[in-house]
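Below, each structure is written out as C-alpha cells.
Two complexes come next, and they have one chain in common, chain A, joined by chain B in the first and chain C in the second.
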Partner chain A sequence: MTLHLFYKEWLKTKWFVLASLVLGIGTILYAFIGLNSNIINAEGGSQYVFEWFTRGGRPHYGIFQNIPFIIALLIGVSQYLPEVLQKRIKLTLHLPLNEIVMLYTMVLYGFLVILGLVVIFMVVFFLIDLYFFPGEMHLMAIKAFIPWILGGFATYFFVAMIAMEPGWKFRFLYAIVVYYLLDIFLLGGDMSDLYLLLVVILVIASLGMIYTANRFKIGEN
Partner chain B sequence: MLAVLVMALELPKIYKKTFEQRERREQLVFSEILNDFVTLKYEYDTVQLRQVQVGYDRVGNVYRAEALMDIFPMRNCRQLMYENRFPDTLRGQHVTLQMIQEAARFPLFLGTGPGRKTLLWMFESHTDLVKMELPRDMFRLTENGIEFIETTTNRVKGVNREKSDRFTSAMTKEGVLFPVKNIYGMPSTSKSKDDGYFLIDSKDKFYHLKMVDGEPVCHNIPLPAGMKVDGMNCLVDTMNYGYVYDQDLNIYLLRIKDYSFFQLPIYDYKEYGSLLTMSEDLFFYTYQLYGIDRAKIYVMDKEHNLLASETLVYPLYENSKEGQRENYLFPFKARFTRSAPKELKVEAYDVHRFIYLNIALVVCLLLVKLYYRRSFWNVFNYLDLAVVLVCGIYGFLAVLIFPNRK
Partner chain C sequence: MEENIIECKNLTHYYGKRLIYENLNFSVKKGHIMGLLGKNGCGKTTTINILNGFLQPRSGECLIYGESTQNLSPDTKRRLGYLIEGHIQYSFMNIYQIEKFYSGFYKNWNREAYFELMSRMKILPSQKVSSMSCGQRAQVALGLILAQDPDLLILDDFSLGLDPGYRRLFVDHMREYAKAGNKTVFLTSHIIQDMERLIDDVLIMDYNRVLLRGSASEFMEKFHQFTFDLERDDINLKDEALTVEADRIKNHYELYTYASAEEVQATLAAKGLAFSEFKQVKMTLEDAFIGLTGKY
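The block that comes next holds the complex of A and B.
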C-alpha cells in the first residue's frame, strides 16, 4: 500500500522534482562558475578569495541559501495543492488505512524526495569544492548549510500543514507565523548553539499536520 | 508554542519601533584648552529655531557657538583657520593645521576576542617594499605543528612539507608546545610593515613568530610573574607591537624595543563589554570603554600618563516611560544575541506588572469559550487558559490563531 501511495505522489510531483533538481544543480554550478572567474581575474588568485571568505565576505555558496526553501515549496505545493483544491484528499482519507498513517505516508514521500535532492546537491557541491579549497572552507560551508537545509524541511512540513487547513482565514494567519519562524533559519552568522531550537521547530512543524488534517476531516471552518 | 515564540520575538520589536523616542545623545569631549571634560548637549535654540550644540564644563560655565569652537581648536581647526582665529600655540607647543591633521587618527576598534587559527598569510618581514607582497602560500596551525598550504591560480596544491617542518622545528626549539591556543596578527596587505604573529601555546607561554628572509624567527616573550595573555590587538607602529590583555583584562602595550610590557592606567575594562576604542590626536590618546548604558573615557598624554577619566551614562530605552510600559503589556520578550555563536535569550518581566493583563485576557478567553459553549470536560480548553495565563498577550493571540473548537 505504501509503495502504491508513493507511486501516486510520484505521478503528481515528478516534473517538480525534476525542476528542483535542475534548479539546485544549476545554482551550484553557477556559484562555481562565478568563483572560478573571481579566482582567475583577481590579483593574487585563490589567496584573495580565501581571505575574502574567511573575513566574512559573501562566500560562493551564499547563493544556495534559498534553494532548500524553494524546492520544499515546489514539492509541497505540487503534492498538496491539487489534493486540497479538488478535494481529492477526501478520497485518500477513505482508503482502508489509518488516516494519520495515510497522511504521513504522503509527508514521508515528500521528506524523502527533498532529502534525496539535498544529498545530491551536497555531493555535487563538495566534489567541486574539494578541487578549490582546503578542509577549513568545507567546514564553514557545512555550518552554513545546516540551518538552510533544516529550514527547507520545516518549510515542507509547514506547507503540508497549511494546505490541510480548511479555512482561508486561518491559512493566512498560519502563513504569517510560519514566515517569521522560517526567518529564524536564515539568521545567518554562527548558529551552532541554535541547532536544538531549529530541530524543535522542525519536530513541531512535522506534527502540525495532525492538527489541521483533523480540522479538515471534521470540516471545521 | 511556536506562535508564542514568534510573537515574543516580533511584538516587542514592533512596540519599540512604534513608541520609542530617541533623544540625541550627550557627548563627553576632552578640551585641550580647559584641560578637562566638557559635556556637549543639543538644546533647542529659540532664535535659530533648531537644535544647537551647547557645551557645559564641570565648573558650570556654558559655551555656545564661537566660544564652543574656541575651547576645541583641534576639532574645529579648519573653520578657525578660515575665520583667522586659529591659535599659533596650543598647550605650549607651536602648532600648524598640517600637524593637527597628520596626527589625528581615526578610532581603532580594539578589544579581546578570539583570534583566527586557520588560513593566514606569513609575510616576509624583512623587505624594502612599502607595500606588502602576498606570499604564495597560507598556513594553518594543527595539533602538532604549523602547516603551509601552497596555492596555485585556481586550486589548493597541498602541504609544503619542507617549509612546514622547518617552521615547526624552529618553534619547538624555542619551546612552543603545540597545539597553539590562539594566534594574533594582521593578515592583511594594507599595512606598511610586517611584525609577524604572536601566539599563546598550550602551556600559556607567549611567543613571537615571523619570517625573515624566508627563514622562521621565533622568540619566547617573557611574561611578568602571574600574567597570562588573554588577547591581543596588533598595531602597525614603530614603538609598540600592539595591545595585550591579561587574564584580569588589564591592558598593556608590548614594546618593540625589548618585549617589555607597559601597563595602561585603565583598571576597569573587565566591568565593561569587550569593545574598546582608541583615537589619537596631536596631544592625547583617548580610550573609550563601552557598557550597556554607559561609556567610560580615558584621556592620556603621549607618554600614556592619565590626564582625566569620566563616565557618561546614557538613558536606556528599558528605563524610559515607553520601555517601562512594555512591562505591563508583555510577560517576557525573546531575542537572538548578536554574539558568535548566536543564542536565544528570553527576558522575563516583573510578574506584578503584567499579571493584571494576563488575568483579564484569561477572563476574556473564558467568556469567548462560554459563549461558544465549549465543553468543560475537554482538557485542551484548560490548557488554552493556562497558556494565556502564563504567556499573556502572546498566548491569547496564539490560541486565537490555533483555535480549539471542542
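The block that comes next holds the complex of A and C.
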C-alpha cells in the first residue's frame, strides 16, 4: 500500500520534482560561474575572493540560501493542493489504512523527495567546490547549509500542516506565524548554538499535521 | 431478524447556533437501499459526512458494522464504497493510473469490472480525469466502486451534473449490482425520480425533523394526492386533521394525505363543501416528496 500511495504522490509531483532539480542544480552552477568570473576579474585574484567570502560574509553559495525553502514549497504545494481542492483528501482518508499512517506516508514521500534532491545538490556542489577551495572552506559551507536545509524540511512540514487545516481563517493565521518562524533558519552566521532550537521547531512542524488533520476529521471550521 | 449495517442513534448537530437536527435515529438493514431525501440545507450532506467520519456530531453516534464512524478500522473501510458529491476523483490521474492506484488497497479488486465499464467510454485511455465530462467522471467513479466490490455503498448526490442517459446508466448498474450481491446502499440525490428506480427504504427530512422513515413502496401505497374543485376559493384545508399538505389555485384544490378517497370526501361533506371533479392522482416519488414537504 505504501508503494501505491507513493505512486499517487509521484503522479502529482513529478514535474515539480524535475523543476526543483533544475532549479537547484542551475543555482549551484550559476554560483560557480559567478565565482569563476569573480576570480578572473577581481583585482587580487583568488586571494581577494577568499577574503570577500570569509570576512565580507558573501560566499558564493549564499545564492543557495532560499533554494531548500523554495523546493519544499514546490513539493508541498504540488502534493497537497490537489488533495485540498474539492476536499479530495476525503478520498485518501477513506482508503483502508490508519489515517495517521496514511497522512504520514504522504509526508514521508515528500520528505524523501526533498532529502534526495538535497543530497544531489550537495554532491554536485561539493564536487565542484573541491576544485576551487580547500577543506576548511567546505566546513564553512556545511555549517551554512545545515540551517537552510533544516528550514526547507520545516517549510515542507508546515505546508502539510496548513493544507490539512479545514478553515481558511486558521490557514491564513498559521501561514503568517510560520513565515516569521522560518526566519530563524535564515539568521546567518554561526548558528551551531541554535541547532537544538531548530530541531525542536522541526519536530513541532512535523507533528502539526496531526492537529490540523484531526480538525479536518471532526469537521471544524 | 435482519442485521443493521448502519445504525445512527440520537444524532444531534448544530452549525454554530443553527440546529440541523436533534435526536435523529435511523438504521439501514443488510441488502436494503435507503434514499435520504430532503430540501437543500436540511442536513443530507451533514448526515453523509457523519457517516463517513468527516464530521463529529454534537451528540449521538453512527455505527457501521458496529464500529463508530469516527474510528472505522481499515477492515471496515475496505467493505465501504464511497462516492463524493460531484463524482470527485483524483483529477491528475488517467483511467489506467487511477485503477492501478486503487487496486493496491483492496484484496478482491476486480479490474475486469472496471475496464468493462471504461470500454464504453469514448475517451482516450491517456485522458486525465480533469478533462473528462461529468458523465465520464461518474462512470469512472462507478467503475472503481464495482471493482472494489464493497458490501456497503454511501453515495452522496450521485446524479449531480449527469444528463438523463448517464443517470439512467448509473441507476441501472447500481440497482443490478446491489441486488445481485445483496449489497447495502445509502444514498442521496437531488433528482428524486432517479431514486424511485433504486431505493427500497426512504428517509425524508425537513428542517430539524424527520418526516418519514420506512419502506418506499409502503409510503407510495399509503400516501395519496387528491384533486377536486370546490364552489368557493377561500377554503383553508391545511388545518384539517387528515391533511399533510394542501394547495389551491383559484377553486381547484390539491390535497396530500394518508386518508382514503372516501375519508376525504366524507370530511368535505361533513363541512358542507360541495365538490366536483374529485380525482386521485397517481404520484411519482417526487410528487409524494413535494406533497410531504411542501413546494417551498
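Note that in this section the second predicted complex is superposed on the first by the 220 of 221 C-alpha atoms of A that agree within 3 Å, B and C clash if a C-alpha of one lies under 4 Å from a C-alpha of the other, contacts with A are read in each partner's own complex, and residues count from 1 in each chain.
Note that contacts are C-beta pairs under 8 Å (C-beta built on N, C-alpha and C of every residue); 3 or more make two chains touch, one makes a residue touch a chain.
If you're wondering where the values come from, they're calculated on a predicted model, not measured in any experiment.
A.B. asks: Which partner chains sit in contact with A:3 here, chain B, chain C, both or neither? Use first/second/both/neither.
C.D. replies: Touch status of A:3: second partner only.
A.B. asks: Name the contact category of A:217: first (chain B only), second (chain C only), both, or neither.
C.D. replies: second
A.B. asks: Does the superposition put A:187 against chain B (first), chain C (second), both, or neither?
C.D. replies: First partner only.
A.B. asks: Going by the touch definition up top, name the partner, chain B or chain C, that contacts more of chain A.
C.D. replies: B
A.B. asks: Contacts for A:11 in the overlay, against chain B (first) and chain C (second): which applies, first, second, both or neither?
C.D. replies: Touch partner of A:11: chain C, not chain B.
A.B. asks: Between chain B (first) and chain C (second), which does A:175 come into contact with in this model arrangement: first, second, both, or neither?
C.D. replies: Neither: A:175 stays clear of chain B and chain C.
A.B. asks: Is A:98 contacted by the first partner chain B, the second partner chain C, both or neither?
C.D. replies: After superposing on A, A:98 lies in contact with chain C but is clear of chain B.
A.B. asks: Tell me the contact category for A:33 with respect to chain B and chain C: first, second, both or neither.
C.D. replies: So A:33 meets neither chain B nor chain C here.
A.B. asks: May I ask you to decide whether A:88 touches chain B, chain C, both, or neither, giving the answer as first, second, both or neither?
C.D. replies: second
A.B. asks: Taking the complex as given, what residues does chain B use to touch chain A?
C.D. replies: For chain B paired with chain A, touching residues are 1-3, 5-6, 9-10, 116, 118-119, 121, 134-136, 138, 140, 149, 151-156, 187, 336, 338, 340-344, 401-403, 405.
A.B. asks: In the complex of these two chains, what residues of chain A are touching chain C?
C.D. replies: Its residues touching chain C are 1, 3-4, 7-8, 11-12, 82, 86-88, 90-91, 93-98, 216-219.
A.B. asks: What residues of chain A sit close enough to touch chain B in their complex?
C.D. replies: 36, 39-40, 44-48, 50-51, 54, 131-134, 136, 170, 173-174, 177, 180-181, 184, 187, 189-194, 197, 201, 204-205, 211, 215, 220
A.B. asks: So in the complex, the part of chain C that touches chain A is made up of which residues?
C.D. replies: So the residues of chain C in touch with chain A come to 49, 52-56, 70, 74-75, 77-78, 80, 82, 84, 86, 88-93, 97, 100-106.
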